[in-house]
Each structure stands twice: as C-alpha cells, then as structure tokens.
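Below, chain A partners chain B and then partners chain C, in two separate complexes.
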Partner chain A sequence: MSVDKRVMLPTPGRLSVGRQLRANGIFVAVTAVILAGALVVPNFGTLDNFSAVIRSVSFIGIIAVGMTFVVIAGAMVDLSIPTAVAGAAILAIRLQDYGLPVAIGAALLIPTLLGVVNGFVCGVLRVNPVVGTLATTTVGGGLILIGTNGGEFSYGSSDAFYRFGTHYVFGLPISVWVMLAAFIVGHWLLAHTRYGAYVYATGSNYAAARASGVPVRLTVFIAFVLTSLLAAISGILIAAYSNLAAFKVADGYEFEVISAVLIGGASLLGGTGSMIRTLAGVIFAGVVTNILILFGAPFEAQLMVKGTIIIVAVALDIWLARRNSE
Partner chain B sequence: MRHFKLRPETLRILCILIFLYSLQLLFVPRFATSAALGNVLGRSTLEGMLAAGATVALLMGQIDLSIGSTAALATALAVGMSRSIPEALVIGALVGVAAGLLNSVLVVVVRINSFIATLGTMIFLRGATYLYTGGQSLTGELLEQSLLMNLPLIGPIAPRVVIMLVVVLTLALLVGPTRWGLELKAIGGDQAAARAAGVPIGRRVLLGFVLAGLAAGVAGGVQGVSLNGATPYLGSSVLLPVLTAVVIGGTSLLGGKGSVIGSLLGVLTLSTLAVGLNLLRIEAPVQQLIIGSILLTLIILERAQDPHSGTRRRVFQWLPQLRRAGR
Partner chain C sequence: MSSVSVTNTGAAALAPASSQAAVPAIEVIGATKRFGGTQALQDVDFRVMPGEIHALVGENGSGKTTLMRIIDGLLRPDEGTIRVLGAEIAPTALAARQHGIAMVHQELSLVPTLTVAENIALQAIPTRFGFLRQGEIERTARQALARVGCELAPDSLVERLSLAERQLVEIARVVQLNPAVMMLDEPTSSLSADEVERLFVVLRRLAASGTAIVYVSHRMDELYALCESATIIRDGRLVARVQLAQTPHDELVRLMVGQQLAERTGSDTIPGDVCLTVRGLTTERLNDVTLHVRSGEVVGLAGLVGSGRTELARAIFGLDPLRQGTVAVAGREFHARSPRDAIRVGVAYVPEDRGREGLARELSLKANLAMAALPELSPAGIVRRRLVDHSAKHFVAQLDIVPPEINRQVSTLSGGNQQKVAFGKWLATQPQLMILDEPTRGIDVGAKAAIREQILTLVKHGMAVLLISSELPELFDLADRLYVMKRGRIVGEFARSAFAEQAIMRLWSAHEAD
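Coming up: the complex of A and B.
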C-alpha cells in the first residue's frame, strides 16, 4: 500500500517492454532530452546554463514535492500556489525592517495559514479543490493587493538576505540544495511512513480507506498545508535570489507545478505517483523550457509546446496502461 | 411541462439578484439609470455565454478550463479576419467547435481526465492566440459594426446582449427539458447507472464539450466585434467569476445538478455587484476580495447543506459546544 505499484513491479525478469516503458518512461524521456540538448543545442552543455536550469527548476521543484502529496491523495490540484509564493516573497522583503527573523518567520507562517484554509475547505469540508483553492487564492490575492497598494514592487534592504539567496554551496545554488532536501524528506514521508501509506490509500479508494480507519480528511488537510509551506519556502528563496518582491512573481506556477507532477506520471485520479518520478518530471519540464529558450523560441511557442507535452504525456501513460491490462 | 419548473436554487439566485438590485437602486448613487442597467448587461455578455458553456460541462460531471482561451482565440481571429458581424460570429463558432472537438476527443477517445485535457488545451490555445496576435493587441476594421453591437436597441439592451441571451436560452432549452439534457445530467449524476440505462455516454459527452466550446467561441466572436479589438490575454482571469456565477447559480460541481438559467442569473448578480461597487468607487483589489469571499462562503454553505457529506451534522454538533464555550 505504501509504495507506487509502477516502481515495485513483480519479478523484474518478466517485464514486457510496454510495462518497462510505463514504469520508467519518464527517466528515458529525461535522459533523451538532456542528450538531445547536449548534442544539438548550442550553449546547452555549458556550466552557466546548467546552473541557470537547475536554479529555475528548483523553485518549481520545491513546490512540486507538496503537490505530489495533494495529487496522490486524490485532491487534484492546489491553484493557490501563486498567492502563497507571492505572499511569502512580499512578506520576506517588506518586513526586513523588523529584522530578518521576523520577516522570514512571517513569510513562512502566513502563507501556511492559506494552506490551513485550503486543507479545511478541500480536505475537511470536501469542496472540489479546483474551485475551493481558486476561491482562497482570490481572497489571498485580494489581501496582498490591498496590502501592497495594488501590487507595487518592493526591494530588499538586507544584504545578508540577498547574499544568502545568491549563495553557492559546493558549486550549486542554495535553492537547489533546499529542493534536494525537500525531495529527500518528501520521499521518506511518502514511501516510508504511515502518513505516506495514508496518502496512497486515500487517493486510491477514498471510501475504502475511510472504512478501514484511515483519517482521510486529516490526510488531505496535511497535504494542502505541506504544499503551502513549501510554496512559502520557494517564495522566500525567490525573494532572496532576486532581492525584490512583486505580486506577479509566481504567475502560472500552479500550472508549471501540476504539469511537472503529471508529466512524472502521477494520476489526477489519485493513488499513483512517486517523489522520484515527480523530480524527473520537474527536470524534464525545466530542460524542455530551457532548450526552447536557447533556440530563441518565443513565449507563445513555449506555451503551445508545454500544453502539448502535458496532453501527450498523459495520453501516453493511459495508452500504455490500457495496453498492459489487455 | 413539469420539466419547466424552476429549481429551488434558481429561484434562490433570482431572489438574491432582485434583492441586490433593489438594494443598489435605493442606496447606490446613479445606479437607478438606464446606463447602469446597460452596463450590467454589457458586462454579462462574455461571462454569460462562458458560464452557460461551463455549466453544460459541469452538468455531465466534467470541467472545461479552456473556455477563456477558446474565447481569446475566437476574438483574435474574428478581429483579424472578419469584415462583418455574421463573419465574426461564424469564425467564433468555428473556433469554438474546433476547441470543443479537441477537448472531447481527448476526454472521450483518449480518456484523459477532463481537468488535465482542458488544462492542456487551455495552455495550447492561449499559446495559439499569442502566436496569432504576435503578443500584441489587435485592432480590427469593424468600427461601424462595433458601434452597432453596442447601440441600445430596446431600452438599454444592445444587440450583443441579445446575441448572448439567444445563445444562453438555446443552451438552457437544450439541456433543460429535453431527453438529451436529462441524459447529460444522468451521466453527471452517476455515470455507471447512465451506462446501464443505455445512455450513449461517449457521444453525449462529445456533444456537450462541443456545445461548451461553441458557446465560448461565439462569446469570443461577439466580444471581437463589439470591441473592434483583441488582446492575447482576454479571458485569462475569467475562470473565477464564471465558476463563482455557476456555483451561486446552483450548479453542483460534482455533476448532475444545475441549470444554465441559474448560471446566467449568477453572472447578472456578479455584474450588478461589480457595477454597484464601481459606482461606490471601491477599488479592484477590494472587489476581488469581496467576490472571492462570496464564492468561499457559498461553497462552504453548499457542503454544509449536503446531507451526504456529514458536514451538516458536524457543524450542528459544534454549534451548542461553541455556545457553551461562549458562556
């Protein structure tokens, strides 16, 4: 119950090609795009580009850890991510006059409260998460706009904060280390703890999980709180890296994150998916975006390619699943 | 004829609309004018048609996130290519049908969850719109037509409002009292039961998505002619007001229950509120806060009233405890 069926397949020797592909297709795809990028795209293989890619990937990846819990628990999506990220970034920048601990504490706590509301509305009251989180993100966004005078930019005054955000540890940006830590803790929670087992059980069959004593409402509640907490961490890192905060800093992040999780092969119906596959999905989406940018593809073409990738990835997954079951 | 009976939820939103409108007539300065009514109706044209389409998708237990992008693409193509009102409407309708077919193929044939499928087409169509407009605003050659579309015909009712009403009422009649509409709701209510009862689910869902796309496309066409211009980001923030309107109009997000007329009344209610708040000079962020809070309150109340969710029992168990704690 606690492990993804696609990773723990029976007797490895007897796997058909279709099954292998379905279980590990995302890893093949990631390797393929990286190889293709390195061979065909100029400037792809440079250290600067590598650093840029993993940094942009890390902001999305941190949030994707939380979203993986939400999706596997069958709660579909959290659309309030941009508000949580922007709220954290704005608080972290604007409250610096009161000292960094206050700024970072508020930036962690207040967006997490948004997750508590999400968890209550969508987990405890069982409102459809698309509409529930759309409503909370609107309320939160309205509050931010009122608080920032209609979304004014603000710049950081703390040197220590900016230095932290642009810091490299062992050659990698700090946000990448945070992302890796988030994935490791997330993987441990999902695959090795009782909570992870509850998440899979809730997502695969809500009624059955409930009947067998799984605290289904609490499980979904925690998933939403985790997502907002991670979005807040991502927001703080973005603010520290750019040393400014704006209302639109994370516009579209909700779709980037959900695309990465779905490309990784988690099902929106809940019950399947894993942290490692989400990480692969995040890297895949980041590398594809990077290649498009290096080729000078305009923003509109990037959108079309992203939309197509989501559909193709999910269609492929469904097609392989159907072929395997026959 | 018994199918024509108003649902209690529709009656509820009608009462809310009348109450809100009367309240604003009494207390909001300059609201009691024909121009204000025209403004309310004008604001409702795009969202009214989009909400009608969204309702059709929700009735069959699906969701269509791509309506805003469909409308944006239809607007851009109508502005860029058409030279007359009928042309613009036909272009809009064609874009809408194409988007609806794309969605329904993904949902019915490939069997992708409608949330992901329409999320993908939403992003894709938005990209196509940016591609066509080059990321900039377009101005068309429809100046006379746009004046005509906004000209008050009967009282403050402009032709674009008439088109909206025709589209919405047609959809309402199609999904209301017809056998087809009942089958659609049966699919939304309990898909397995509908299949067992012999409802051709694939074909019905396909037609439902095409109708939703058609409504969005025509909405885009009308918008294009009325403004004689298009922006690539038109309709990108339309999802919230549309879903709010649909929910306060009494359509269930779980599928199977709801009405297109209720959604139209929901849109009119939100427009009335927006016009009133504008006249009171309340800023956009506060308006956003108010509308978001209304949606949040309503969805929580909806769950609290649902006897199956167990929430009602829970809330009523809490109440005495809270009262005791209060003393």
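Coming up: the complex of A and C.
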C-alpha cells in the first residue's frame, strides 16, 4: 500500500491548520470577496466605486480602532457609539457660530467625556460593559434630545468646515487619511507599547494580569476613552462631509463597528485580535455591503446579510477555538 | 500519529491468586489520554475487585485524577476500554452513572445555595407530577447522613457549613446511591482524626456489601490503615500493582517518586536580615497573624485547606484588603492596596491556581514571562522587543522549559512547564521575597524537581521564601522553619530541628476547646 502521507508532514504544521485559519482566515475572506466582486459584479472595479467604498468604511474604521482596544482588553463592547458620534456631529455643526475652533474643540471634548464615564462605570466600578454603555448611551441620547429640541436637524454655516470634509488629498477623501492614521497609531499603541501589552494581558486573564501588577482598571478605562475620542473624530468628519447633523446620524454604527472588529477575528472573550485584522474586517464588511448595493439589494436585505455574517464569523471563531483547545 | 496497541496481558499477569476466578467490579484496559502536548496517561491497566478497597497512588500530576475522571466518564480516553463487572461500557458520564460508578471529588461539587437535603437528592430528585416531594427529599437525606455518622440537619444551607461538614455531605450523597464502584479523591484533606475514623468505618461497611472502593490520599498511614492493595502510577504510566501488606512504606514511596528530589541541608542556611515582617495582620479570614521571614530562609506555612495560608499570602500581596496590622519588607512598611504596591517593594506571589491567577494561557510564553516585569521591559512606555526576547530566553533556559520556544502559546505546554512559567515570570522582577502557594501541586516529577532546585538556589543567593504546601514532606525537605495555621491564626512554630509530623498534624486537626 502507499505510504501514509500524514506521517511525512511535520506535526506542528498539521495541528495548527485550525489555528492558522483562525488567525488568517479574514485575509483569505477579504481577498475572496474582492476577487468575486471584480469578476462578477458590474462597476465594482471602477475607481469611483473604490473611492465610494473606502469613504463609506472610513467613518466606521476610525471607531473600530478604539473598539479593538475595548474588545481585546476583555471589556466586551462599547454600545455608546451612536451617541458619541451624533453628539460630536451636532456640536461641530451647531457651535459654528462661535467659531470653528470652539465647535471642533467641544465636539472632540464633550463626547470624550462620555468615554470617561464609560471607563469609570465599566473599568473602575466593573459594571458589565453591555449594560453600562447601554445605560450611558441612553443618558447621552436624552441630553442630545434636550439640546436639539427633540432631535431637530441642523445645517452647517461654515464653508471652510464643509470644504474640509469634502476635501481630497492625493486622490483620497480626508476621512480615509484620518482612518489610516488612526490604524497606524492604533497598531503602534497595541503592538509596541506597554499600554498595548497591558491590553492583551488584561483581556487574556484579568485576575492573572492584576496579580502581575498590571493596572487593569486603568487599562480598561483608557480603552473606553480612546473609543469615544475616535467616535468623536468620526462624528466631526461625518458632519463636515454632509454639512448636517441629526440625532440619528449614527444609528446602527455600534453594530457595524463591532461586526468589523469581530469579523477581523478579535474574540469577545478578550486577549486576541490585532489592528491589522480589524482593518481587514472593516474592508470585508464594506466590500460586502458595496456588492449588495451594486446588485440593487434593498436596505432590508443588507441588514439581514450583515446580521448573518456576524453570527457566522463569531460561531466559526468559537468552533475553531474549541477545536484548537482539544 | 502512531497508534498504541491495546494489550491486557499486564492485567492478567498481575492478578492476585485469591481473585483469579472472580470478575473485577471495575476494569480499565490500556487507557491512554493526551492533553495538547502532555501525555497524561499511557496504556494504563487498572482493576478493582468487588469488595476490595484499593489505593490509587502516585505523585501530583502522575495521572491519578485523569484515570479517575476517565472511569467516571468525565473524560473520554483516546484509547482503552472500561469494563464494569466484565461488560464493556461506553466512556460517558451517563454510562458510568447507569453502571453504578460514583465519585467523591476533591473539589467539592455541592451547590452552596441549596440545603444539605437538596444537595443529596440532586442526582435523583423525587417528584410527583413534576412537583418536589419535600418529605421524601428530607427522609433520604436523613438516612444518607446517618449512614456516614453525620448529625447535620438536612435543612441547613450548604454555604453555612465548614469544609469538613461539606466533605461529609458529599460522601453521604454518593454512599446513598449504593454504588458498585466508589472513588474518593483526597476525601480526608479537611477532616479531623475522629471524622476520618468514622469515614473508614462507613467505607469498610460499604466494601463488605460488595462495593469496590478506589481511594486516593497523600497520607500514607491512611492507605495502610484502610486499603488492601494499591496501584502505583507515575508520569502517566502504570508502575506496579501491589498488596500493601507485603509492601513496606519505603518501597511504596520509591515506586511513587522514582527519583530523589533536592532537599535543604543544614549547612545551606545562611542567617540573613529579616526580610518580611508581618505584625497583627487581621482580615476577614485572618486573625492577628504575626510572623517573619529572613533573607536566605525558606519558611513553610503548614495547615489544612481553608486554614488561612492562602489568605495570608493574598493579604500580604495586596489581593485581599487588610483590616489591621502591618506588613514590612526589608524594614520598609507598606500597605498594598493592589499587587502593584507589593511588587514595587520586591514581593512576588506564585498563586495556588496558576490557571486563574498565574498565567494568561492564550498568550505566548514570552508575553507571560514579561507580564510582571513590563515596567522594566518597556522604558518610556515602549516595549523593547529585544529585551523581552532576551529575558524570556534566559528564563526558559534557566528553568529548562520544554519546548524552549518563546513564541509558543502557554496553554500548549504541560502542567509542569506551565508552572515553571508561572514561577519564572517573577524572576524578571528581581524580588526580595517570593511567596509560593503550592508551587509543585499537580505537576510531574521532573518539573517538581526543577522548581525545588530553583527555590534552593534562589535562597542561597539571599532570597526570602514563604512556602505554602499541603505536603508535609515537601515542607520538611525545603523549609528552615515552619508555622502551622488553623482557622486564620498561627497556632505553632517549629524550627527545622524540631519538625515532627505527628505534632504538626495534631495541631491543625485538634478540636478547639469550645
């Protein structure tokens, strides 16, 4: 009979197929959807479409950088994103009469305070982040409704602001450059600094990290503050691009951001994930949405596909993790 | 992967003459089990006759618990078969239950928020039309408790019970099932001498009615008092099956250990300055604890599980809040509100449960080895990869961690090598005092030897060590001095020259005057 080929293969390589897939599956998936799009979908490969896709993912992508810290630190998720984004957008538009520096300063600072509250509630008081940020986003939403007379739209008056928001630099929208910068800085923080090491340690085993002298509460606190800060930046860019702001401007953003991070392979249990994989997750989600739009799929169908993808991604991750641990 | 052939020739050869004709109550043939990179069991045969009280002995990490979990159906063996009274059964918990296999676990499996009676009834809750039959539950519980000679009220809440009482409830629960095979994993670790004697009476009575009993204990005198025969396993392999009456104590130990472990000799002791001083330390679980440890000295903490040894370590290290008292290291008093404060003054703590507080198992070896020393390895907040790698390689070599791959995920290492990582991560912080909580529990002989040697080397270089161990022989081998703890207090202190097993055990198990 023939030689058993399995014996010829090095054991570690064979054992780690699942692990490999878990770590790099997202890159395979991104390549696959892009190839599929280019081959089957009309207009997918055009420059205009490319530009539209990366602009649409950039607002989500900026926030996903912060959410990656929250998820890897084992703090589950931040559900207060719509409030932070809408708050920033509304402040940036409504306060333009006091001058752009005031408007942008307030739009950066005040939503970041939401992150400070999140960090205190979830990081220091150790309230479950799903409940904690759901509560803070509800409180924040109430404040926005008071400030906007029940959610009135507001339109920008500053030409400079609008020009900035629709500006292209080297052929790419300004928000895409901001996203790339956020990913580069985020990657550096996560992979090369003490804070990044603290984030992985805290998420991988909270008790062990604490017993090793890692300032676990502060680590989680900072992750929430970073996320809100980035949500505020994203909100300002959205306001500048559309020159209007509304209470519901970022409805559903929390889901899109969390999807991108989880599709990228970060685990809700904490301790695993990387900035590069989150970027791949952001691109994957954006391309899939784009293909659906190009095919003329109605919005309802898009929602159903997005929901399904996240279940598949998380279930696959759990399945591979369980297989690896056996 | 190569397959291991299953043979049962060994079992036949080892069968005692008296029971040749009879069918074993429980028989395991060629059990093999691997966890990740660890071979937990390798082709082990095991057999107990009906009515036989049989000791399963081996060091921590030898595979005893794995074998029992396989028999209990909690673990599926990679290879091997299980037979009950000659009939092969499926390797599942359900099949084990149906064939009358029952186990008293080392970690108690009672539900603390239920009553004693409810816990005893849990496996077969009597109901009528789906409603609980409260009277029936109580009656069963009362009978079961009476059988183990325990006078607890069936309606007391389990969370209010002492460890010893819980242990008795656990045993009553299993006895009540009239099992064909009953396995007990360290059932006496929290019992007093009286209670142990009563338990033995119950077990002998059960055996006389035909139950096969598998007994696991570290206490040699108990094995000789209770068991007829013993199976010895080491490093996951069957070493021998012996009749205890024909096997002297020394011989049994030699079979178990297989190699000589490093121990402290009088000449090693260098009297140093006092490193750790604890005065009047009081917490929720500790009462006015005062002790000291000198540099270059190993001080042991002996006592039963729950006596406050771990709580003392946690309080010193800032994991549990202090109510009263002071802690000082090298004359510097400090109040640790978190481990950070303790680490800063040079304290390291290797916790008892390495999976929970010792290691981030999903992360790499080097990430774990760097975790406690991140401030030193990341000057100005930026992690210097070269420093991290260099330090990791250094400690991997020093502790002989296998495989020596610093990027490997810690969860893929064997228990012993994981423990070396949990230990080694503190060396990078250059501590003055190491508190070691059961540092050799559940690891193989090789790792145990390596860690014991490390402890002795560190002490020789002036480290102060506070060593918590439930194994008196280990404390006797390593410690220069030891304190005995009971119910959150220090109840005795012994110098090395005065170490005496009997006296120490009397101290920790004696009933209080009240």
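What we mean here is this: the second predicted complex is superposed on the first by the 302 of 326 C-alpha atoms of A that agree within 3 Å, B and C clash if a C-alpha of one lies under 4 Å from a C-alpha of the other, contacts with A are read in each partner's own complex, and residues count from 1 in each chain.
In this text, contacts are C-beta pairs under 8 Å (C-beta built on N, C-alpha and C of every residue); 3 or more make two chains touch, one makes a residue touch a chain.
Small disclaimer: the values here were computed from a predicted structure and weren't measured.
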item	value
Clash or fit (per the criteria above) of chain B with chain C on chain A	fit
Once both complexes are placed on the shared chain, angle at chain A toward chain B and chain C, C-alpha, multiple of 10 degrees	70
Per-residue contact with chain A, leading partner among chain C and chain B	B
Touching partner for A:I318 - first (chain B), second (chain C), both, neither	first
Which superposed partner A:G213 touches (first chain B, second chain C, both, neither)	second
Partner chain(s) touched by A:L125 [first = chain B, second = chain C, both, neither]	first
Which superposed partner A:N205 touches (first chain B, second chain C, both, neither)	second
First, second, both or neither for A:I258, with chain B first and chain C second	first
Touched partner set for A:A197, first chain B, second chain C, both or neither	second
Contacts of A:T272 with chain B and chain C, given as first, second, both or neither	second
Least C-alpha distance (whole Å) that remains between chain C and chain B when both complexes are overlaid	5
Chain B and chain C footprints on chain A, overlapping residues	none
Touching residues on chain A, where the partner in the complex is chain C	6, 11, 192-198, 200-201, 204-205, 207-215, 271-272, 325
Contact footprint of chain A on chain B as seen in their complex	63, 106, 110-113, 115-117, 119-131, 135, 232, 239-240, 243-244, 247, 253-254, 283-293, 295-296, 299-300, 302-304, 309, 311
Residues of chain A touching chain B in the complex	76-77, 121, 125-128, 130-132, 134-139, 141-143, 145-146, 150, 255, 258, 262, 267-269, 298-308, 310-311, 314-315, 318-319
Chain C residues touching chain A - in the complex, by the definition given at the top	1, 317, 319, 338-340, 343-344, 349, 351, 356-363, 367, 370-372, 374-375, 378, 381-383, 411, 425
